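Below is one structure, written out as structure tokens, with a few remarks after it.
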Amino acid sequence: MSTLESGTIPRSELPEPEGAPSIDRPAAAHLASKTSAFIAEHVIPVEREVIVDGRIVDDALRLDLQRKAKAAGVFGPLSETRYGGLGLDMRAQALVLEAAGASLLGPLSVNGSAPDDGNIHLLRDAGTTEQKERYLAPLSAGDTRSAIAMTEPAPGTGSDPSMLQTTARQTDSGWVITGDKHFTTGADGADFIIVVAATPAGPTMFLVDHDNPGFQVGRRMPTLDHSIPGGHCEVTFTDCEVAADAVLGEVGKGMLYAGVRLAPSRLVFCMNWLGLAVRAHEMAARHIVGRSSFGVPIADHGMAQAHVADSEIDIEASRGLIRWAAEIIDTQGADSSNARHSASIAKTFVSEAVWRILDRSVQLHGGLGVCEDHLVARFLVEARAFRIYEGPSEVLRWSIARRVLRPFR
Amino acid sequence: MSTLESGTIPRSELPEPEGAPSIDRPAAAHLASKTSAFIAEHVIPVEREVIVDGRIVDDALRLDLQRKAKAAGVFGPLSETRYGGLGLDMRAQALVLEAAGASLLGPLSVNGSAPDDGNIHLLRDAGTTEQKERYLAPLSAGDTRSAIAMTEPAPGTGSDPSMLQTTARQTDSGWVITGDKHFTTGADGADFIIVVAATPAGPTMFLVDHDNPGFQVGRRMPTLDHSIPGGHCEVTFTDCEVAADAVLGEVGKGMLYAGVRLAPSRLVFCMNWLGLAVRAHEMAARHIVGRSSFGVPIADHGMAQAHVADSEIDIEASRGLIRWAAEIIDTQGADSSNARHSASIAKTFVSEAVWRILDRSVQLHGGLGVCEDHLVARFLVEARAFRIYEGPSEVLRWSIARRVLRPFR
Amino acid sequence: MSTLESGTIPRSELPEPEGAPSIDRPAAAHLASKTSAFIAEHVIPVEREVIVDGRIVDDALRLDLQRKAKAAGVFGPLSETRYGGLGLDMRAQALVLEAAGASLLGPLSVNGSAPDDGNIHLLRDAGTTEQKERYLAPLSAGDTRSAIAMTEPAPGTGSDPSMLQTTARQTDSGWVITGDKHFTTGADGADFIIVVAATPAGPTMFLVDHDNPGFQVGRRMPTLDHSIPGGHCEVTFTDCEVAADAVLGEVGKGMLYAGVRLAPSRLVFCMNWLGLAVRAHEMAARHIVGRSSFGVPIADHGMAQAHVADSEIDIEASRGLIRWAAEIIDTQGADSSNARHSASIAKTFVSEAVWRILDRSVQLHGGLGVCEDHLVARFLVEARAFRIYEGPSEVLRWSIARRVLRPFR
Amino acid sequence: MSTLESGTIPRSELPEPEGAPSIDRPAAAHLASKTSAFIAEHVIPVEREVIVDGRIVDDALRLDLQRKAKAAGVFGPLSETRYGGLGLDMRAQALVLEAAGASLLGPLSVNGSAPDDGNIHLLRDAGTTEQKERYLAPLSAGDTRSAIAMTEPAPGTGSDPSMLQTTARQTDSGWVITGDKHFTTGADGADFIIVVAATPAGPTMFLVDHDNPGFQVGRRMPTLDHSIPGGHCEVTFTDCEVAADAVLGEVGKGMLYAGVRLAPSRLVFCMNWLGLAVRAHEMAARHIVGRSSFGVPIADHGMAQAHVADSEIDIEASRGLIRWAAEIIDTQGADSSNARHSASIAKTFVSEAVWRILDRSVQLHGGLGVCEDHLVARFLVEARAFRIYEGPSEVLRWSIARRVLRPFR
């Protein structure tokens, strides 16, 4: 009897670096430091204008920040060098995107925010040469923004891809797409949209330009988070005609591509949000050192120290899970079973850890913590959706458990 | 050796009802049912206008709702019958205010919301006959609104009353109050303010009319909660002259009165917020019964059921703690040590349970849960401050522990 | 639209006391005090002999303790007065059995421990006059001990009653029972056993005398808990012949009776274990007041205070849930839907709260906490099974959720 | 203003491998696989004899298992190659000791268990050439066992080193040690003991041979864990004379050495216990796949899946924290501030994660989970002390928080 077959990732499958070292860690750490400095100097001042004073996050603001990021040499952590990016693997991104995440506007400023990050990954993996030139190059360079239209109003698809209602009908010259989507992140002002629609061969991805007359951006949904440019929108495809070359990847394989997109996309979210949580943790630490109650600094109260320690532990555990999933993606591929599993684990833990850290940071600020004068209040509200999008914790736990249980069935 | 001396409330100290039964429970349950019907018919429709469409909660709205509450016979759960109220003890309030709490505007509609609830209690306990006539009667009847000015900007008082910075200097004709307060709940539009200021004899409470030239309402602070009329304001007392009869209670005993106000005030918050949590719990239950994923209603997924059960347990445990503290206040007095202890326990548990219930209700709604189209998103954000005001959980835990440990010292 | 139909126990269904007050609370509180004194004087000294020195809990010890309980006037909280018991309703039992639970041997000493408590309830509800005289009377008086044989080795029944494998075949003169049971609590030395077996008409309960030649007590299973007299045993029924009058209740209604037994039985467990948790909480409080580290008593460290406060909150929340379920059983009947629901809620919360409290008490003892010299170590280990027997938390949560969701289906 | 100074480990301080790669990961993974095979074949069968049948863990058993480990090429993960060990750095140990930890007897079998692991580390760092030859060589080779005597009965030292009561008085020829210790792990049968005693120059470490007439091993304390050879003992030093060369390291620097010992020792515990948790996780997975209730395998119930996923997440987060702390120790040294911080974080999280995983594994086994026939019951009990020894979670959290807060003071 072997008691030791494992449903967890077997130790003997540990990824082995091949050929040249895929990450130059000192260089990545240096880049992360530069990114931190850029965020502190150029992004955080603007963030306060946005959050406290209500300045709109429009393309003018985005382009200004991205110009400064280019000048600082920190633009494009997700982009290939051929498109003006930094050409980093996931392990290097982990360092750099955590640094960028310190501000709500940080990922946007370096062109490392959703949904462009996943779309860059998707186009790189599944795009034709022409599609890369037309869509990937300007997106990677920050010249355009994109959106992804997947989720549908009930009874359409949410977590369950089999419930897809939007359809694409093939014609002589291409396809006609019809259906309603909502929570289409970034749609307002996006240059193009990747939409998933059902075909007889299965779900298929299409590239739709924003000025396609069959495509309409409806209402920006009043979600708790406000900081994503383009918002989360209701969009409609009404007899939306696209050419045959608008298919992204193979017909009928839309969910496969969506799956490939998922592991890196989940991980990028983890990196960005963790950066925000680290900043809130530090804001709380500074606050309680500087305020006193009952005769001593709040920082000397044991229950405050417990909050600080718990957040520190959550941060380091999050970093460990991100680092591990990044290494697996780098060495075994984003479409490997180990990559999906480790990214699901990271997403579940980090999204909940970030929530706890932000919640503790609010609590440590006392009454000020629930006042939007202090950014932690806003951070908490912005972060709530992270436990739901790109896979709610419950769906991810189900998926993690199935993978663990499979070898024992 | 007795292993059994107890730091917890000894069983032998169980409150014994005296004289006539202080609660007529069937009557209270009937009143709660009427309140529920009133909330459903008159308040919930308006709540949506406020939350989703941004209608302002002004006095016109408040007075309209309170007029309807009077017509429905559910106005004044905290008010004495002599002032047009329902004359309920705390145990009856527990049933009625949970019912009223089902809407964010419910407590206001029946005149059972902060800070008026605590001020009614305070005036009843500490007011002179003249003060009762001038301030308590119209406040109880819904003709006026009030505020309480306690918390100060750093380095002033927050959780620690010894840090009070606002002062009152005695003159020949009365007092002159000077100082800054913030988080003054309800100040914008309040008819009068109860302010705590330091005097040589100790902290003292004063009644200040809204039109006193030495009193200024500043900015409404941008807190996460939006539903309290009058908001949370910055206020200033600049050489604010009041007459000698503006002192509420005895000079130098302000913190004592604040303490007496605390147990009932904390408990009223618990009742109101629990009502909102119960509603969110039911909204989530209805949602997951009506939506399917992976081939079955979400309500059939075990992890969703776990959320539902956990919320149900949190609700019943909250009710049990509220009921117990209410009984102790009714039978042993709001200023008894047992009352303070049991109200601290209830506030700590219920504020955290409400947060968990609302958070689970958001999660069970999936993506819709973070969209303010669905009220649960707004409920969650509104509730965050409840774990901080009227005693942050950490300060309450400290207080609970000291009481438990005292007999063993 | 009514947003307010409730899956939770509707407020309007609040139990109303009928006729004479069913509980005399001061009398019950007085009895609880006497029970506490009895436990401290007579039981706790022996408990140490059992736990630390390994004295066996045999009938001699049990009878000696019960004799003393009778002398102290605290014997029989579950028994009717006609059988020498105290004739208490569930609300009074809540006070008395918590007091008795302060020692692992306390419930046994007053004849209020499993499985006799549930069997007393069952015989009272379902027994014939003859069965009551023969089995209930001596069991209530402490002259006998009993067992209940329900759970079976795989693939037999555990949480799922439909998996019952033990059968009873009807003969001319009675029944022949065949099958294996395990975890048969109290079997070693029991005077009679209640066994559930499948018949063509459905599961049926039978009373089997210990000296029936078809009944064999096998191994005492090496469970983590050691303090229950008679242990948890493997038992076998081999062509076990019983007369027709051995049927308890109606043929085919065994699960119905088991269900009726459940709510009170779960609640009695809650009362007893809560009593132990309260004692551990007080032991921890005394310990940390008396020990210092880093220059102050451990009791002055904030993290220790947080543990103390959390345990205090858990205790009061547990009491509230027990009190509520007891009131519902007393006023609506043990077989009411509300009784089952509220007892499931109480069992789930209290079993987990007890575990947390004991775990914190161990932690507050530091290294001594994991040494059986100190009883908290043993208490923790003894308590682990409480989250599993009489319904594992997961099965209870499933049941609670179904009840909440039903009105929305 | 820099919002970004960090109390957490700065990214720019990321350890950089120097010179030759300090770990050959494929080789370590291969060694871990061999260790797993050895544990399954030789150790797990004996473990059952020990746990279920009560076989004593004596030197005969230990030596037999270690002989087999040598034959299998898996002996000595903590030992230098010059002493017959495997010469691994901490990162390699992380893989190998997790594999060894799969059995309670695994770490002992490969000579990687407490307290020998820490003593090996200590002797290597602080021993003289003679001490290494006399104590380190045979200890590394498995020819001897050792103990460490630090903790004292009240009012002596526990978590707070300043409370040390045992003294060492200098004489012409050496030292005379006097004092009582308890929880002296491994003392019964140890060949030598490292004892910490107070001298005028400060706490000092001494090497004492087991047959020193001034040294007495008293009672084995009845702790919850049974699997450590030599137990946890009360020991007494009565005018215990040792020569001058019995001082380990410098006089007065005993706590410094104890501190250096801590980070690796805590990490080794994490590795070993995590291995046991992984095994329990797999046992639970196998169990719920093979058992059914309510018509489907338990593994198909959502609440069981949530337990499985939570344990999987806990395991991967633990691995990430261990891996990170190991890398820091390897590259920055065990006595670096980063090493202490990251090891404190790992110990706090992993000890609590292991407890949760074992607890869930018990729960997933249902009634069988609390029966020592099934090893998970025993595993849970054995593991409780891990949250206390080598730094209770509360003391570690205090230490973690101080480190985080320091830059903000």
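For this structure, a couple of remarks:
Each chain carries a letter (A, B, C and D) given by its place in the written order, and its residues are counted from 1.
Going forward, contacts are C-beta pairs under 8 Å (C-beta built on N, C-alpha and C of every residue); 3 or more make two chains touch, one makes a residue touch a chain.
Because the structure is a prediction, the values reported are computed rather than measured.
Using the contact threshold fixed earlier, the set of chains in contact with both chain B and chain C is A, D. When the C-beta pairs in contact are tallied for B-D and for C-D, the bigger tally goes to C-D.
At the interface between chain A and chain C, over half of the residue numbers involved are used by both copies, so each side presents largely the same positions.
Taking only C-alpha atoms, you rotate chain A by 180 degrees to land it on chain B; that is to the nearest 5. Comparing the CA-atom centres of all chains against that of chain D, the greatest distance is found for B. Inter-chain spacing, taken between the CA centroids of chain C and chain D, is 39 Å. The distance from the centre of chain B to the centre of chain D, each centre being the mean of the chain's C-alpha atoms, comes to 51 Å.
Shown for chain B are the residues that touch two or more other chains, namely 301-306, 394, 397-398.
Across the interface of their complex, chain D is touched by residues 52, 151, 154-155, 158-160, 162-163, 183, 221-225, 232, 291-295, 301, 303-304, 362-363, 366-367, 369-373, 377, 380-381, 384-385, 387-389, 392-394, 397-398 of chain C. The part of chain B that touches chain D in the complex is made up of residues 301-306. On the side of chain D, the complex with chain A involves touching residues 1-9, 11-12, 14, 16, 25-26, 29-30, 32-33, 36, 39-40, 44, 95, 98-99, 102, 278-279, 281-283, 285-286, 288-290, 299, 302, 304-306, 308-310, 312-313, 315-317, 319-321, 323-324, 342, 345, 348-349, 394, 396-398, 400-402, 404-405, 408-409.
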